[in-house]
Amino acid sequence: MQTLLDGKAVFSEKPIALDLAETERIVQVVRERKVPVQLGFMRRYDPGYAKAKAKIEAGELGKLETFRALSRDTYPPSLEFLLGSGGLFLDMSVHDFDLARFLVGEVDEVCAWGGVLIDERFAQARDADTAFTLLRFKNGVLGVVETSRHSNWGYDIRTEVAGSVGKVVVEAPQKTPLLFAKDFASSHDHYENFPDRFEAGYRLQLEAFFAALREGRTPTPGPEDALETLRLAVAATKSWREKRPVKLSEIGT
Amino acid sequence: MQTLLDGKAVFSEKPIALDLAETERIVQVVRERKVPVQLGFMRRYDPGYAKAKAKIEAGELGKLETFRALSRDTYPPSLEFLLGSGGLFLDMSVHDFDLARFLVGEVDEVCAWGGVLIDERFAQARDADTAFTLLRFKNGVLGVVETSRHSNWGYDIRTEVAGSVGKVVVEAPQKTPLLFAKDFASSHDHYENFPDRFEAGYRLQLEAFFAALREGRTPTPGPEDALETLRLAVAATKSWREKRPVKLSEIGT
Amino acid sequence: MQTLLDGKAVFSEKPIALDLAETERIVQVVRERKVPVQLGFMRRYDPGYAKAKAKIEAGELGKLETFRALSRDTYPPSLEFLLGSGGLFLDMSVHDFDLARFLVGEVDEVCAWGGVLIDERFAQARDADTAFTLLRFKNGVLGVVETSRHSNWGYDIRTEVAGSVGKVVVEAPQKTPLLFAKDFASSHDHYENFPDRFEAGYRLQLEAFFAALREGRTPTPGPEDALETLRLAVAATKSWREKRPVKLSEIGT
Amino acid sequence: MQTLLDGKAVFSEKPIALDLAETERIVQVVRERKVPVQLGFMRRYDPGYAKAKAKIEAGELGKLETFRALSRDTYPPSLEFLLGSGGLFLDMSVHDFDLARFLVGEVDEVCAWGGVLIDERFAQARDADTAFTLLRFKNGVLGVVETSRHSNWGYDIRTEVAGSVGKVVVEAPQKTPLLFAKDFASSHDHYENFPDRFEAGYRLQLEAFFAALREGRTPTPGPEDALETLRLAVAATKSWREKRPVKLSEIGT
């Protein structure tokens, strides 16, 4: 691997690996070899999330109090995909866990509840298709991440952070700038899936990656973010399986 | 009439009368007798319009530039009603003309175009069921009033005033605080008709009327407002019939 | 008490009492005496919640999957009020617990996390000012209730229920039908507090109460609803204090 | 010119020329030489307008009744630009006139009112900075186009078409998927200018142009559209200058 990486910069989709040991080994190598690595948490580059982050950092929300995220994928995956996915928390909630760390900070403890409400295939894969994960951040903020494997109304991704002064809600209510009204009602459409919802985020994260390389800056989010977010997902999975709250300090690194 | 009014205060729905001479005569009498009169232009007391007015008066829009109003009634009236209604401009546009005067000021000239697009009964009544009226205000502001006798999507009333600094849009986008989503779309309902859309306005105008009487203030809008607004509606009707712009100064008083 | 109630019908604000034993005793008495009792869970009569309920009952959401509620009161209460309030879950979350039962069904298990993030007075009262309660319903649906004692942006009450086919979101996004735009942004206001947000609900629940009495029907929600909702709040409080999930079956009745 | 065009296809921004004679001459040449020409009316390719058109063509609005368009540019142009622009109607309203033809059909008569409300430079250029143009379509539909050279709240482009059954409103209410709430209000941003608002339209019109060439179809909108839309703008200018309604049949071709 080391030879392969010589002089290269790496843009990696998440996850780097599905277990902590392998992820740590890779993070270790790229650190030692000083390989620039950026992880594909594209939501951080979505203009909505980027502006939310800026407002939080500027203190416009005051002291943070709560974090609230919901992700519903439009189409449930195949059983084959499921079996190699690492499970709901590693494969899906991980995007919201990354946002939690990005917007609020590190997490101290999680408590996850899951269930099979959509499709029995998830039970076969010993996975959940629906889950709620409580988060207690190190700074005292409380939060929840809601995750679902399907949505009959389109890709449904919403995040909010509330503080003593204000709140930010990141939500793309409609895709096409069109309202249609008849029969005493108006309707608008929704985004279909992640490629259309996060089109700008996918583009902007690559622009940021190349800009960082050009200007000699460290790309972000980096492999350490992948590792920390994976620890969160592993803790949530453990909490769900063992039916108890799990401290992040239990998840070795 | 004079005896009848002794010691009375009058709350009158619009119009006071369907022609200027009769309206002037009544205004004259109530002035002489110092009868407190308030006209039922309830939109002025709707919280949206009241707040728009307050912002304009506080200078938050800067120098005013444009006025834009749309009114669509849900259900077209019967032919019987039509024949005694005074026509589209006197019966319907008059509410937007009142708002134009309330929010922007007096009008210098109008140009109205109308047509029969909904129902041939309006042609029988020698009336229009759809109209656009251009307004040139004395302060130079330009505007338009769109009027229609029916709407298949609910009572559709919208007004905006734009200035050098900001704009206000008065619009009640949904009635029930409920969004329903499925099949890649979200929908919400609309107000059905004036009683539900202007429920607050109807209540608040009466509260204001009684408060004015109690406190010895002149109720507003008063009979002079009814007269000026009627002049506007008469001018619009004349402009539509004679196919030419009409100055308000042509409409005697 | 029995004499007092003879021939009376009772409309009671929640809670009937702050502990289960007293609540049960009262429920027992009114049952025996066949006293018509309606509880003031006014949200059930809000047009948004009522329509959501109707859609769920009509099967328009398909098989239910998740419940999500958020309540933020505008102004934190005084320390004096706090000490007699029964705590955050009994005093505030109870409204969302009632909605959970109303919209989804009975709850099997809860897990509540709370914290003091707003004001140290809550710590003095050995109470929380911010909490998240996970819910597992008997029908398998998963949910969360977020509760906060203050909001700097107005009374913030939102509820959603999602199913295999559709979702309902009950949310009153703006109070006044006015949008104000300047400097590349538009803004609208929010409801200030429960009296303005639930004005219709407060009125309609009384109309329903009197209609039920007139027509000889049992008013709803009744005292059993108060009891079941209290059990939920007691379970959540216990879960928060004992830092563990609590089954409703642990909460005696 | 003819030699130059041999074997070429042309994508042209509007206008082809600022006067009818020159525009006609060019249209004549490209027709004779069978040069594929597409005009840069990018709004037609905006997903909102494209979907509105599809709904109208599918009959979802029923019989059309009214057309309503508003365009406010963010920044007023320089005096130098103004003097070579052809004036407000040819330079700005022309986009809404094109939409009027695209969505509703050909226009029979116009009546335009303009004024100088923003900046005296427009008076120097013998131009208007604010205008309302009434439209009477050949199919009887009535409409209005509102045009303004500046907006302090961002690029403000809205279009609606209403019919006997439904209406479409094309409007991009917010740019960034972010809501910020504090002090009893929520706010969101707006598009800044045409490059961000019509980013998709600019891209999609070129994709359509190249697809048409590849597949041997005639690109649309073509030079005849430019000509017809220019006639509308010339008629509106004439109406404004001569203070009278102008029939399109007066505008030679």
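Chains here go by letter, A, B, C and D, matching the order in which they are written, and residues are numbered from 1 within each.
In the analysis below, contacts are C-beta pairs under 8 Å (C-beta built on N, C-alpha and C of every residue); 3 or more make two chains touch, one makes a residue touch a chain.
Remember, predicted model here, so these are calculated numbers, not experimental data.
Would the interface of subunit B with subunit C count as same or different, where same needs over half of all numbers used to appear in both copies?
same
Which chain has its C-alpha centroid at the greatest distance from the C-alpha centroid of subunit A?
Most remote chain from subunit A, centroid-wise, comes out as B.
If I compare contact pairs by residue number, which of A-D, B-D or B-C overlaps with A-C on over half of them?
More than half of its contact pairs match A-C, so it is B-D.
Between subunit B and subunit D, what is the gap in Å from one C-alpha centre to the other?
31
Which whole number of Å gives the spacing of the CA centres of subunit B and subunit C?
Chain centres of subunit B and subunit C, defined by C-alpha means, are spaced 42 Å apart.
Can you check how far apart subunit A and subunit B are, centre to centre, with Cα atoms defining each centre and the answer in Å?
Chain centres of subunit A and subunit B, defined by C-alpha means, are spaced 52 Å apart.
Can you list the residues of subunit D that touch 2 or more other chains?
152-153, 165-167, 173, 181-183
Please give the residue numbers of subunit A that touch subunit C in the complex, ascending.
On the subunit A side, the touching residues are 62-63, 65-66, 68, 70, 72, 111, 113-115, 117-118, 130-132, 134, 136, 140-144, 146, 148, 150-153, 162, 164-167, 243-245.
Within the complex, which stretch of subunit B touches subunit A?
Result: residues 152-154, 173-174, 181-190, 192 of subunit B touch subunit A.
Would you mind writing out the residues of subunit A in touch with subunit D in their complex?
Going by the criterion above, the answer is residues 46-48, 51-52, 55, 60, 165-173, 175-183.
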